[in-house]
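Structure provided below as structure tokens; questions to follow.
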């Protein structure tokens, strides 16, 4: 994979999500960076995402990872709405503290039909990851894109 | 594993979630059944969980699967708040239609330290699964339970 | 998915593996059944596959699961050599006893580009699974098939 | 996790595997390095591990990843034979060429009961990974160790 400029900007990505993906709002994700082959997003700490034990819920972390992967993939193929997750594997590693969670995604493979990436989730201000994700996106053939 | 009566009722489980897990409310999950070794829950269809392409978002399905696994596990070990997901793997299989999504969880292994289950997600009124999940919960040692 | 006759017989599948897949021999896998949407294979017990602790090694179980998935997929698309595993997730559930291990695979989704299945591994004569696998195969476009 | 000296040397690890794990021999794995929190091993290219299409088989890559994880984990907890894989997730990314495959494992979390790591598999002399693995090992309580 030769490096390239990202095929979507943060502003374009956010606009697409606002228009098409209602679920993004409920989490308040902040897209921080989209580069060629990597992306970063943030889940602001919010009591609404707490699970028993007083920590950020697993589903909120899975949603953040999936969202960041979406930014990563669109950064490499452009604003293709029908790119969809085909599988996602998450390992929860540590209890995040009462702070934002930051997701760093990077590409492992960009193929013609599948993109595979990994996402590391970190508590803001912490060094050790709170979760690690690998995910696969299906890339629609060009004739299905808009 | 010898069959047993479930160690938590649907009403007790829902009360625990309402008290401890704010994130459950945002999805409106309905716990339909908790038996020994299996559990069923439902995600009511709602425009709020739509992703680009007009279908239920992956994160909403992951959240539903995790929630149903939690019901399954507490049904076997009782109301142990610190039981936490350690890993989750999801395969998205088909686009769900504009309808509720139902999750059927069943136990694969209940050990002293880990519980492993699988969850099949179905669109209401459909036969073919929309997603398939396996997940592992860590069971805290008895001295950490309340 | 409408049921159909399997697109490859056990004998044809074994011949293809003997011709193309040297690694199959080292395990001595026995293909027991290929039907439309399901397949069964067996790993004969052999001291060569023992891991520390005296039990069948994880890699031998992963190889058996992958092999059985391959039988399942070719049973649905015919003798397409370039169908390849794109991802595999295994949960090890119990220590198998000193006996054959049997793998039962069934299809979760047969798409145009991806096939997803699950495989349950059982010790011969036992009821509870020793491992559970989900795997995805990539199906080459028709023009790449032989 | 504070860095430490590895708790097992390459020579000790190889001796343990030779004594206890017959399956290692069939692949001819070479343990190249065990450090605190990381390990590297190599699968020498061999016609015996070829799959249809002329490339290294998936099972051989899964076995290599599992082996390297085992070296990684024993490097952090010492020669504990009963440390066992509880789950493994692999994404196959590219067809390896006709060359050795090298596995680089690094720890994501070393807990009291679970160790989680990731393994990147590379074809010798190539830059892009051929596969990516995450795996979890169960660590037996001290009273079960030898």
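As written, the chains take the letters A, B, C and D, and residue 1 is the first residue of each chain.
Keep in mind that, in the parts below, contacts are C-beta pairs under 8 Å (C-beta built on N, C-alpha and C of every residue); 3 or more make two chains touch, one makes a residue touch a chain.
On a predicted model such as this, the values are computed, not experimentally measured, just so you know.
Peer 1: Could you let me know which interface, B-C or C-D, is made of more C-beta pairs in contact?
Peer 2: Pair with more contacting C-beta pairs, C-D versus B-C: C-D.
Peer 1: Which chain is most remote from chain C in terms of Cα centres?
Peer 2: A
Peer 1: CA centre of chain C versus CA centre of chain D: separation in Å?
Peer 2: 22
Peer 1: Would you kindly tell me how far, in whole Å, the mean C-alpha position of chain D lies from that of chain B?
Peer 2: The mean C-alpha positions of chain B and chain D differ by 32 Å.
Peer 1: For chain B and chain C, let me know how many angstrom lie between their CA-based centres, rounded off.
Peer 2: 28
Peer 1: Using the touch definition from the top, which residues of chain C touch two or more other chains?
Peer 2: 86-87, 89, 91, 136
Peer 1: Once bound in the complex, which stretches of chain C touch chain A?
Peer 2: Against chain A, chain C makes touches at 86-87, 89, 113-114, 136, 138.
Peer 1: Can you name the residues of chain A that touch chain D in the complex?
Peer 2: 1, 89, 91, 93-94, 108-109, 116, 118, 128-129, 132, 134, 136
Peer 1: Which residues of chain A touch chain B in the complex?
Peer 2: 16-17, 20-23, 26, 47-53, 57-60, 62-63, 66-67, 81-82, 84-92
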